[in-house]
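The two complexes that follow have chain A in common; it is paired with chain B in the first and with chain C in the second.
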Partner chain A sequence: MKILVAVKQVAALDEDFQIRGDGRDVDPEFLLHDLNEWDDFALEEAVRIKEAAAAPVEVVVVCVGPERVDASLRKCLAKGADRAIRIWDGAVEGSDAVATARILAAAARKEAPDMLFAGVQSSDQSHAATGIAAAGLLGWPHAAVVSKLEYTPGAQSAVVCRELESGLLHEVEVQCPAVLTIQLGINTPRYASLRNIKQAAAKPIEVWSLAATGLGAADVGETGSASRVRRMYVPDKGRAQLIDGDAATQALRLAQIIREFKAEAP
Partner chain B sequence: MLIDDLSRSDTVTRILFEAFPIVEVRLFYALGYGAIGIFFYGVYREIRKYRRGAALMLGNWRARTGAMIASVLDHRSIDRRDPAAGGAHRLIFYGFALLLLGTATITLEYDIMEPLFGIRFWRGEFYLVFSLVLDVAGVGLIAGLLYMMARRGWMRLPKLDYARPDRVLGDADFERPQYRREDWAFLWGLLIIACTGYLLEAARLVWLQQRAEVWQSRWWSPVGAAIAAALRGAGLDARGGGLLRHGLWWFHALLALAFVALIPFTKVKHMFTAAASLLVRDPLAAQRLPRVPETAAQVGAQRITDFTWKQLLNLDACTRCGRCHEACPARAVGAPLSPRDVILSLREFADATLQAAVLPAEARLDLHGKAPGQVAMETLWSCRTCMACVEICPVAVEHVPIIVEMRRKLVEDGAMEPLLTKALQTIQKTGNSFGESRRKRGAWSKGLPFPIKDARREAVDVLWFVGDYASFDPRNQKVSQTFATLLHEAGVDFGILYEGESNAGNDVRRVGEEGLYEVLAAANVAALGVATFKSVVTTDPHSYNTIRNEYPDFGGRYEIEHYTTLVKRLFATGRLKVTKPLKYRVTFHDPCHLGRFNKGYDAPRELLALLGCDLVEMGRCRSNSFCCGAGGGRIWMADPVGAEKPAQNRIKEAATIPGLEVYVVSCPKDLTMFEDALKTTGNEGKFVVKELIELIREAIPAAPSREVAA
Partner chain C sequence: MSGLLVIAEQRRGELRSVSLELLGAAQALRSAEDPVTVALLAADPQRFVSALSLPGVDEIVTIALAVTEFDPDTVEQAVAALIAARKPRVVLLAHSVDSFGYAPALAARAGYGFATDVFKVERVDGELVATRGGYGQKVNVEVDFPGRSIVLLALRAGVFKAPEAGAAPPAVTPPVTAFAAPATVSRAVGRKFIELSPADDVDMSTAEFILSIGRGIGEEAKVGQFRELADALGATLGCSRPIADAGWLPKSRQVGQSGKTASACRLYIAMGVSGAIQHLAGMKHVNTIVAVNSDAEASIFGVAKYGIVADIFEIAKELRRHF
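Let's turn to the complex of A and B:
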C-alpha cells in the first residue's frame, strides 16, 4: 500500500520586501521558506493512516522544487514519511498550478499509489488548484476540502467529509485511487524535533529530473502553463487612516467621520 | 570519694548478659546475626536497584566527601527555612549517633577485643563518663522525637500533608496513608527503644541495688537513677527489679534488632541514602542540564532504567519533608505538580519494578502515564524549572534534571500543547520566539539618537547579548533603549550582534527540545566567535544562565555578567552618578535565573540602596523567591483559565507591603508577567512594576539633548 503526499515549500514575506526587477514576483532575497501549512496536515493524515494500518503502508512525499526544498522534505521525513522525491529541472521554473499538476500526475503514474493527498491550497499562491488539476490529468476521482477521512489502505473506496459554507458537511464516498485535498484542522500535526530532523538526514531524498517523469520542457514552465502572471504589486493605499491625538480628540474625529458617512448614504 | 575509688576499680562496668542462661545468650546472638543478615540483604537489593540505572561517571570524590560530611554534621541543609525541625533533627541525629556509637563500643570490646586480645576498656572512669554521655544523648533523642511527633500530630503543617495535587480524591495513590503509618512507626519505634533503654537501666539498678559498685555509681546514669528511685518508691524490690530487667532486656533487644533489620526496607534508610545523595550532589544541577550524547539511541527518560544510578539514589533519599512541595510555585497555584510527588511516584515505580530479582519486560518500565507510580504529562508540563525544589532540598534531590529528562521524551513524541509546538516551530524557523524576521532583531535601536556598534563588524569592550524579549517585546524594547542610553552616557564601548543573535535557548532546553537547543547554542557560539569583545553583559537572566553555565559545554567560554553588576561598577567608578535620589518605597523580585540559579542576590539590592530607594523585602525573597510562572517554557503555554497564576500570587504578596510604590524586577519576562498580573489582580494604580534599569534612568535624568527619541 502506498500514499503519495504532494507537498510544497511556500514563501512568506520578510520585513521591507521588494518586488523583483521584472515586476512579476517578489525579490527572492526577501522570502522566507517553509512547508505549506495545509500540506503538514495532509502528511499527518497519511502518517496516521500508516500507523493505524495492519498492513504495511508506505508514505511518500513528492515535491516540485529546487534544492532549497530539501529542508522541508527532511522535515516531512522526520514526521514519518518513508521516502521523499524532489523533481526539478531548469525548465520547470515559472510553472503555474496546472503545469505543476502535470508533473505531480506524471510522478503519481510512476509511483502508482493507492491515494494521492495534497493540501487544499498553498499559503503563498492560494490557487487551490494543483491537487484537483492533478486528479483531472490522472483521470482519478477527487474530493476537495476534506475535513474528515475514513480510509483503510487497500480498500476500494474511502468516505470523506468535505467542509462546505455555512458549517455544512458533505459526506462523500470516493473510489480509489483518488486525489484528496486536505483541509486544516483534520488532525493535529506532530512536532518534528530537531533531533528527528537530523536523524531524517539519513533517509535519502530521491531527485528526479524532468525526463524521469516522461515529460518534456514544453509540458512545463511558462509554455506548459495555463496562465501567465502579468504583474505583482502592492495596491495603492486604501482609505484607512490613523486618527492621532488623545482619546477625546480621537472620539470627536471618529464621530465626525461617522456623520460624514451617514450624510453620504441615501 | 567512694565513687572515685569505685571508678578506678575494674569492677565498675556495663552489666550485659549477667544472670542469662546460656541458651538465651545464644538465642540473642542468633537473632542478632539474623537481623544483620536481613539488613545486608536489603542493602544488596537496593544497590542492585541503583545499578540497574544508566551509567554516570563522577569525580572529585575528596571535595564531595568533605562537603557531605560538613553538611551532615552541621545540619545546614536541614536548618534552612525550618530551624525548629533542624534543631529537633540535630537532637535525634546526635542522640542516635552517640547511642549507636556506645552500643558499637560495647560490641567492639565484648565480641572482638576481649575474646581475641583479652583487652577490656569498658570499665572504670571510661565507662562512667560514657554512661553519663549516653544518658544525656538519650534525653536529646527523646526530646527530638517528641517535637517531631508534635509537628506531625498537632501542628498539622501543610507541607506534611500527603494529598497530591496531581491526583484526585478516590485515586489509589491520592493520599498514600501507608506513608503516614510509616512515619509514625519510625517515630514510635525509636521512642520506645529509647524509653525502654532508660527503664531497663533503672530496673537493672533496682535489681543490683545491693551491689555497691553498681548502686553507688548510679548517678552517672542520672535518668536511669531517677527512674530507679521512683520505681523503688513505688515498691519495686530487687527481685522484682531482676524480673523486670529480664523482660525489658528482651523487649528492648528485639525492637532494636528489628530496627536494624528494617533499615533498608523503610524510610530509615535515609540515614544512608541521604548522605549518599549529598555525596553525589551536583551544585549546578538545574543551572547546567546534561547533554544528550551524539550516539544516544533515544532522547530523554522513557523507562525507569533510563535514569542514572544517581537519580535512582536521589529518589531514595527523599524523606517527604515537604520543603519542595511548599516552595513549588506550580503547586502553590494548584497546578497538578508537586516536586515531592514526582520523586515519590518515581520511587514507588522504581521499587515496584527494579527491586525484583529479575528485571521486568521493557513495557512495564514506561514512566509516562497516569497509573500509580507513573508521571502524567500535565504534571511534567506544569514545571517552571525555577529550581525552588532543588535549592531547598535538604538531601540534594535534583528534581529539575529528572523532570527535563522526562520532558525530552515528551518533546520527541510531540506530546505537548499546540501552543508550545507552535513556539518551538517558530524558533526553529526564525531563531526567535516572536516569529519576527531575523533582520528586525536590532530594530529597537533605530529610535536612539546614537548608533549601536555591530559587534560582528567592529571590536567592542562589552558585548551586550540582548535576548528575545528585550529585542522584540515592545514594552521591553523601551527598557533596552534606556539601557543602551545609560551605557552610552557612561562611555561604555559596547555593541550587539544584531541579526547574528538567536534565542539563547535557556528555556528551549528546559522545555526538553535538546536538538533545537544545540542548534541555537551553536549558532550563538558561532556568532560570538566572529565578534571581538572583552566581556559579555546581558539584561536577560535566562540568557545569562545558559551562556554562563551551559555554553562552555558547546565551546563558548566568556566572561559574562548580568547588567546589575556592570552598572554597580559604573557607579563605583563614578562613570554614572545619582543626581536625583529616589525616595520610593520599593520591593525587589529576585528573578529565578539571576538569584537562585546564579546567586546574584546582592547587586540589585545595592543598586536600589544607591538610588536612595527604601527596600522592603517580601516574605519570599532571595533564595526563596517565588517564580513569576514564565520559566521552563511556560511563557509559551497557556495557564488554566480562572485559576490563579504564579505572577498573581506574587503580586498579591507584594500588595501586602504597606505604602509600596514600585515593584522592581530585573528580567524582561518578569516585566511582562507582573505588569499583566498587576492589572488582573486589581492592583493597578496602587503601585507600579518597573525594571530596575528604568529606576536607574529616573535617578540620573539625562541632559535634554541626549533624550531618547520616542
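Let's turn to the complex of A and C:
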C-alpha cells in the first residue's frame, strides 16, 4: 500500500522586498522558503494512516522544484515520510498550478499509489487548484477541502468530510484511488524529533528529470500553463491610521474608541 | 467563441449570494456584443429562475441534475458539456469550496485558461486580464491567458457588486432553455450535511462588539487573560482559525470563511491576528476595526481603521486598567 503526498515549498516575502527587473515576480533574494502549512497536515494524515494500518504502508512525498526544496523534503522525511522525490528541469520554470499538476499526475502514474494527498492550497499563491487539477488529469475520483477522513489502506472507498463555508460539513463517500486535498485542522502535525531530523539528513532524495515523468518541455512552463503572469506589483492598500506612542498611550486611545462605541450603542 | 457564461451556485435549496455577484462581474466585463448566459445546475433548477431573471441576463440555461447536492463528477461533466456546446469566451464561477472540487479538474482536462481567487477582471487592449493576490496577498498578480480561447475564472466572493436588489425587472424576461446533463456515474457520492454544532452558546453573527485573538497569543495558557479582558470590555471573544484548530477555543468562536461571519459587528478588535484572506472574509466589512499586532506588515492593517503596532500582551494589560 502506498500514499503519495504532493508537497510544495512556499515562499514568504522578506521585509522591504523588491519586484524583479522584468516586473513579473518578486526578486528571489527576498524570498523566505518553507514547507507549505497545508501540506504539513496532508503528510501527517498519511503518516497516521500508515501508523494505524495492519498492513505495511509506504508514504512517499513528491515535490516539483529546484535543489533548494530538498530542505522541505527532508523535513517531510523527518516527520515520517519513507521516500522523497524531487522533480525538476529548467523548462518547469514559469509553471502555474495546472502545469505543476501535470507533473504531479505523471509522477502519480509512475508511483501508482492507493491515494494521492495534497494541501487544499498553498500559503503563497493560494490557487487551491493543483491537487484537483492533478485528479482531473489522472481521471481519478476526488474531494476538495477534506477536514475529516476515514480510510483503511486498500479499501475500495473512503468517507470524507468536505469543509464547506460557514461551519457546514458535507460527508461524501469517495471511491479509491482518489485525490484528496487536505484542510488545516484535520489533525495536529507532529514536530520532528532531533533524532529523526538527523536520520532524515542522511536519507537519499530521488531526483527525477522531466523526461523521467514522460513529459516534454512543452507540457510544462508557460506553454503548459493555464495562465501566465504578466505583472506583479505592490497594491496601494488602505492603511490603518496608526496609533503611536508607548503601550500606555496606545491603550488609552483604544479605551477611548471602545467608550465612544459604547456611548453610540443603541 | 462569444459570450459570457455564469455558473450560478446553489446549496440545500438556496441560491448562494455569490451567484449574483458573478452576474455583477459579468455586466462589468461584457461588451455590447457579449451575451450573458446564466447556467443553473440543480435537481430542480426551475425554482431559481425568477431570482436570476435580472436586467443584463440574456438567457438562463437550466440543467436538471440527477443529484440533489454537489457532486464533483456530475457538476464537472454537466458544465463541460455546456461549455463545449456554447463555446463562451469567458466562464465565471465562484471561488468556493464546491468550485475547488471540480473547476481545476475541468480546466486542466479541457485545456482552458484558468485562474482562481480573482478579484478584478478587465480587458486590456482586447485581452482578458485577471488580477489575484500573490505571496500571502502581499502583492497583486495580473495574469493573462495567451492562446486560450475559453477561460474559466473563479471569482472571490464579496468583491464584485451584485445587481441592486429591487431593481426594475428586465423589460423582456430572459428566455429559459433546458440543457440535458450528460449521464454521469458519480464516484464521490454525498451522504449528508453536518452542521458544526455550537460547542457553547455564543453566536458570533449577532455580536456587536468582538475581541478576536489569533496565532499571536502564542500558547493556550494565554487564552484565559483575553477571555477575562473581553468580559471586562463587554465584548464577545472570537478567534481566527489556528486558535479553533488547536482547540483553544470552540469552533463556534471562529470568525472567517469556514467559521462565522461577524454580520452584526460594529467594533472589532483583532489582537495577534495576521489577517489571512479567509479571516478577512468574515470581518473586513465591520465599520470600526482596530488591529493590534507586533508585525507592522501584517495584512490585518490593510482592512483596519486603526492600527496599533505593539506587543499584544502589553496592550492587553494596559487596556485592562481602564475597565
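Heads up, the rule we're going with is that the second predicted complex is superposed on the first by the 234 of 266 C-alpha atoms of A that agree within 3 Å, B and C clash if a C-alpha of one lies under 4 Å from a C-alpha of the other, contacts with A are read in each partner's own complex, and residues count from 1 in each chain.
As a working rule, a residue touches a chain if its C-beta (ideal position, glycine included) is under 8 Å from a C-beta of that chain, and two chains touch if they have at least 3 such contacts.
Note that this is a predicted model, so its numbers are computed, not measured.
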{"item": "First, second, both or neither for A:15, with chain B first and chain C second", "value": "both"}
{"item": "First, second, both or neither for A:173, with chain B first and chain C second", "value": "second"}
{"item": "Larger contact residue set on chain A - chain B or chain C", "value": "C"}
{"item": "Which of chain B and chain C A:241 touches, first, second, both or neither", "value": "second"}
{"item": "First (chain B), second (chain C), both or neither touched by A:141", "value": "second"}
{"item": "Which of chain B and chain C A:161 touches, first, second, both or neither", "value": "second"}
{"item": "Chain B/chain C common contact set on chain A", "value": "15, 188"}
{"item": "Contact footprint of chain A on chain B as seen in their complex", "value": "292, 299, 411-412, 414, 416, 418, 421, 424-425, 428-430, 437, 439-440, 513-516, 518-519"}
{"item": "Residues of chain A that touch chain B when the two form their complex", "value": "14-16, 32, 34, 188, 190-191, 193-198"}
{"item": "Contact set on chain C toward chain A in their complex", "value": "11, 69-73, 76, 95-98, 100-109, 111-117, 129-130, 132-146, 148, 187-196, 208-209, 233-234, 241-242, 244-246, 251-252, 254, 257-261, 266-267, 269, 277, 288-292, 297, 301-311, 314-315, 317-319, 321-323"}
{"item": "Chain C-touching residues of chain A, taken from the complex the two chains share", "value": "11-13, 15, 17, 19, 26, 96-98, 101-102, 120, 123-137, 141-145, 159, 161-175, 178, 181, 184-185, 188, 222, 226-235, 237-243, 247-248, 250-255, 257-258, 261-262, 265"}
